[in-house]
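Note that subunit A is present in both complexes that follow, paired respectively with subunit B and with subunit C.
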Partner chain A sequence: MNALASGFLLNWRRTARRSALLTLPLTVSITCFLLPLLFLLVVSFLEPSQVDLYGKQATFSNYGHVIGDEFYLKIIGRSLFATVIVLAISLVLAYPAAIVVARFTPKWRFRVLAILLFPLMVSNVVRAYGWIAILGRHGVANTVMLKVGFIDAPLPLLYTFSAVVVGLLTILLPYMIISIANSLAAIDRSYGEAAQSLGAGPWRAFWHVTLPLSSPGVASGCMIVFFLSLSAYVTISLLGGPRFKMLVSLVFDSTVAYQWPRASALSFILLLLGLGGGAAILAITRPGRVRGRSR
Partner chain B sequence: MTTDIDVSLQQVRKTYGGVVAVDGVTLDVPRGSFISLLGPSGCGKTTTLRIVAGFEYPDHGDVLIRGQRVTDIPPYRRNCGMVFQNFALFPHLSIADNVAFGLRMRRVHRPERTEQVREALSLVKLSGFEERYPNQLSGGQQQRVALARALVLRPSVLLLDEPLGSLDKKLREEMQVEIRDLQQRFAISTIFVTHDQEEALTMSDAVAVMNHGVIEQFGTPREVFERPRTEFVARFMGANNVLRGRVASNESELQAVELGTGRIHVRAGGKHVGDRILVTVRPENMSLSRGDVSSGNVSSGISAIVTSVVYHGATTHVYMAAGEEPLVAHLPNRASDDLRLTEGDSLRCSWSEESTIMLADRP
Partner chain C sequence: MKFKRGLLYAAFGLCLALVLGPILVIIGISFSPIDGFVFPTDGMSLRWYRAFLESDRLWGSFLFSFRVAITVAALSLILGTLAALTLARRSGGATSAMQALFVAPMVFPAIILGLAVLLFVRVLNAPLWSGLIIAHVLIGAPYCFRMVSGSMQAFDPILEEASQSLGAGPLRTFAYVIVPLIWPGMLAGALFAFIVSFGENNAALFLTAPGYSTMPIELLGFLQFPGNQLIVAAASTVQVGLIVLFILLMERLVGLARIVRSDQSR
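On to the complex of A and B.
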């Protein structure tokens, strides 16, 4: 009994010691993230005010306003559409690249992934201005095409949907490639060989075995790309311009216009879209299946 | 005749960046037989198996399955059933779907597929496990699923790549019997890769002992164990006493051989006085007595000094040095007790003339 008691105490102490390590991150996370978020949630249900940042009366009108307004709905739809397009293109481009990267030896894989990460060391602002220099009315692309005689007048390349998608892709593609490549590299080659010995050609072995087994990497890559793309601001405002707005731009605009309740409501709609998208990604890719069923 | 051979390897050679993995292996697997490729790691046994499966392409030589040249045929059209060392069960598929995988690839229709899966699982005593997942099964059960998955396709040949390596000793012995039973029931030609000589001896119809990419000896378990032809095979089979000597004199059928610290008699036809000779004797066939060779009146035996005595449960191992050569004898505990051996004792090692195994000498 005594041994049991002391064993319990020892266990408890160990648990306590381990939990102590969590204290700092938890404190920071609660005070700097969770509490402000709750505050924001409260604000999103308060009346706007002419004199203060927000009024005192509770209301649903901030949400009602957004959902009832065709302008807002159009921009929400556009944000989702752009994000899904970016996600789809990055998935299609990244998977083959990841297959190639995953085949390198660990040493070379690390080097290639480091090279892929290299462009991310340049600030988003600088990168966006780079695209402006290329896509602008008198930019590199238009100048070259005019000189070659491919076009007669400069094309409107900048401040378009495509410009935003291209800009986002150049930032987000490396995340997708790295995520999928690491997942693919972790798959034991015997699975593919087992599939082949059972009569599956390369394509069917890929479809029935490799692809499902890479689902954790696909899922995490999609999550990163989806969240970052949905919440991107700099790229969108610089390459989309004043006419091509997204949900995040609206949050910013409302904030600088001192309409905090509306900005909060828009933020929470964005958050819900993000959570919904994440859930959809998990439901489609089903990364949990590689673990089989839990005991 | 060729139709009776399920797998035939002809002068197969494979190198990796200049390093020879398989060096001209020729091997026939008669229908329904169980052949082991036995050897230490890096001897080329797994590469040989993978060449049969089609995962490796030989630099030279040919692979024939049921008389058809398959060297250029990809693995998925060879109809080889393969069981991997880690089993390679698809973790995202249920047991039933794992076993059904090959049938699905062959576009077998669902009702027939379900029936065959049911049959295959009952054969490996796993009925009722259909809906489970690989991670819910024990090592032995996973092993059986891997076997069922391969056997359900009625492959031309079953390839087993150290399938018992990851199981504990007791389970390994059970699975040895079970695999052998299944193999005989299906009369399926099997190539079994292992580094465990006991496993190879108990399970196989024939054993190919491999070293440095070459089959050093191919024969029945008995032949390989009792009549090893080379020093490597002898040592791999546990006959660790390898002695070098020269023929000293011809006495009718027997030759007297000088072995440094003694002389023995062997039956070595065709050897002349002065020829070099290499012999081995199994540790359990050696008997020890007090005193050195000159003290006895038997003229066959060698002198040795005890270096250590190790109790091994069923037997006691006596390690000795005969000049430079290390020797080991496995004695019944009673015999070693009677001798009261201690380090530094002088002994006479002797053995019967039939226990002497002549080895091919390599210069």
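On to the complex of A and C.
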């Protein structure tokens, strides 16, 4: 009894001590992440000011301006359109690629996933520059096509909507492939075999068994792609050119113009769109169907 | 069946080309002996690497980025390890809420994080570079948290109890029992935080100033003006080389399997 009590006491003391370790990271997260965001939210409801960074009067006009202005609405529409296109293409390309990756032996699977993980660590600026070097007027694509005699004059490939889409795919495909491949690799093969032995063709087995079981990976991949393609400022501005604007470009422009209340309001509109997109993705893919697995 | 397989491999190949193509092209053109890209290339040269080393702006920003990244890695390691020591073996509502809070900055739009931190720094009248460090630590610490959590979950808690029942205090248990078991995770996390900070360019947009500018931001400046851009290719290739080196280091020390797995649900 005594041993039990002292053991319990030891355990309890250890738990308490361990919790004390949390103080520092928790303080940092709250003061440096949550508080600044809360402050940003407050500023988005304050009047702009000529002399200070923001005025003192509370107002809804920062949001009102954006929602009431056709220019802004058009850009928001374009951002959503680009994001949905990127999401669709990356899903169509990444799912089959993930099937290939999931079929490798574990050793090779990890090697391939590491190869896909490596570009994620390379700066977005560098990867966008790669496309500039390929698509530019004197870039690789135009030079080669001219030399071969395929075209007579350089094509305007850069600073187009397609260039932005391709650049975003470069950044985002690895996330999609890695998250789908991991969830495909976790599916027990015997499920598919069971479906086929019960008379389902390969397509039907895929549609009713494999696809639903991979929904957690599809959902997390889609959410990352949606969120990041809305906010990938550097890629959008380098490949779309100075006149190609998306919502995130407006955040940047108003920040450098010191219109902080406007920039804050635009930020929260972007976050809201991201959350809405995330909710829509969850509603469509329904990852909650898959239970009893570690993730 | 064969056709279907062909389609799958075609998609896989296209993905690899889209993801790796731009990086390979940059490495290729960085050795160009002349100002522009010519096809077929005639010869190779290291002149752009030399130009990179001699450019005060780029080389200076490289060194600044390096210093920032080391600071960020150290701070991230401390914060991530402290959080992981406590949270890795617990479960429940409060634990998952705190885990979500620690990991959130990883997927949060970095440009908005940068704006929020900029505002914060301005209001407090703190120097801009401290904002850069804060933003990068917020983004880097989750990697350390994830990696160390993975290491914590991989060993039997009975080892800790054994150490304590044999009379070791908490600090000695940490130094002689826990650290030897989790150091691969700590190291991998710190390396990740370093790399992420070194290449980060969306939060850094608002948090840099002349003289306190990271390499990606300097490269962005070079790219926004037409003219000689091959120096950017050389600088980029140096960055890529550094990352490859770090990945090989991690593979040696921790093993790729674990890195890929703990990165999956980010």
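Definition applied: the second predicted complex is superposed on the first by the 265 of 295 C-alpha atoms of A that agree within 3 Å, B and C clash if a C-alpha of one lies under 4 Å from a C-alpha of the other, contacts with A are read in each partner's own complex, and residues count from 1 in each chain.
By definition in this document, a residue touches a chain if its C-beta (ideal position, glycine included) is under 8 Å from a C-beta of that chain, and two chains touch if they have at least 3 such contacts.
The structure presented is a predicted model; accordingly, all values stated were derived computationally and were not measured.
Room for both subunit B and subunit C is found when the two structures are superposed via subunit A, with no clash between them. By the document's definition of touching, neither partner reaches A:Val165: not subunit B, not subunit C. Chain centres taken from Cα atoms put the angle at subunit A, between subunit B and subunit C, at 90 degrees to the nearest 10. Of the two partner chains placed by the overlay, only subunit B lies in contact with A:His208; subunit C stays clear of it.
When the two structures are aligned on the shared chain, A:Ser190 is found in touch with subunit B, with no touch to subunit C. By the touch criterion defined above, A:Val218 lies against neither subunit B nor subunit C after alignment on the C-alpha atoms of chain A. By the touch criterion stated above, A:Ser29 is placed in contact with subunit C alone, subunit B being left untouched. Looking at the shared chain after the overlay, A:Ile177 reaches subunit C, while subunit B stays out of its contact range.
With both complexes superposed, C is the one of subunit B and subunit C in contact with more subunit A residues. Of the two partner chains placed by the overlay, neither subunit B nor subunit C lies in contact with A:Ala265. Fitting both structures onto chain A leaves subunit B and subunit C with a minimum C-alpha separation of 13 Å. Within subunit A, the residues touching subunit B in one complex and subunit C in the other are 295. For subunit C in complex with subunit A, the residues that touch the partner chain are 7-9, 11-12, 14-16, 18-23, 25-26, 29, 36-39, 78-80, 82-83, 85-87, 98, 101-102, 104-105, 107, 109-113, 115-120, 122-123, 134, 137-138, 141, 164, 170, 195-196, 198-202, 205-206, 215-216, 219-220, 223-224, 229, 232-233, 236, 239-240, 243-244, 246-247, 251, 256-257, 259-261, 263-266. Against subunit C, in their complex, subunit A makes its touches with residues 10, 14, 17-19, 21-22, 24-26, 28-29, 32-37, 39-40, 43, 53, 92-97, 99-101, 106, 110-111, 113-119, 121-134, 138-140, 143-144, 147, 166, 169-170, 173-175, 177-179, 182, 220, 224, 227-228, 230-234, 238, 248, 251-252, 255-256, 260, 263-264, 267, 270-271, 274, 295. Remark: subunit A residues 188, 190-191, 193-201, 204-205, 208-209, 212-213, 215, 289-295 touch subunit B in the complex.
Those residues of subunit B that touch subunit A in the complex are listed here as 53-55, 74-82, 84-86, 88-92, 101-102, 105-106, 132-136, 149-150, 153, 159.
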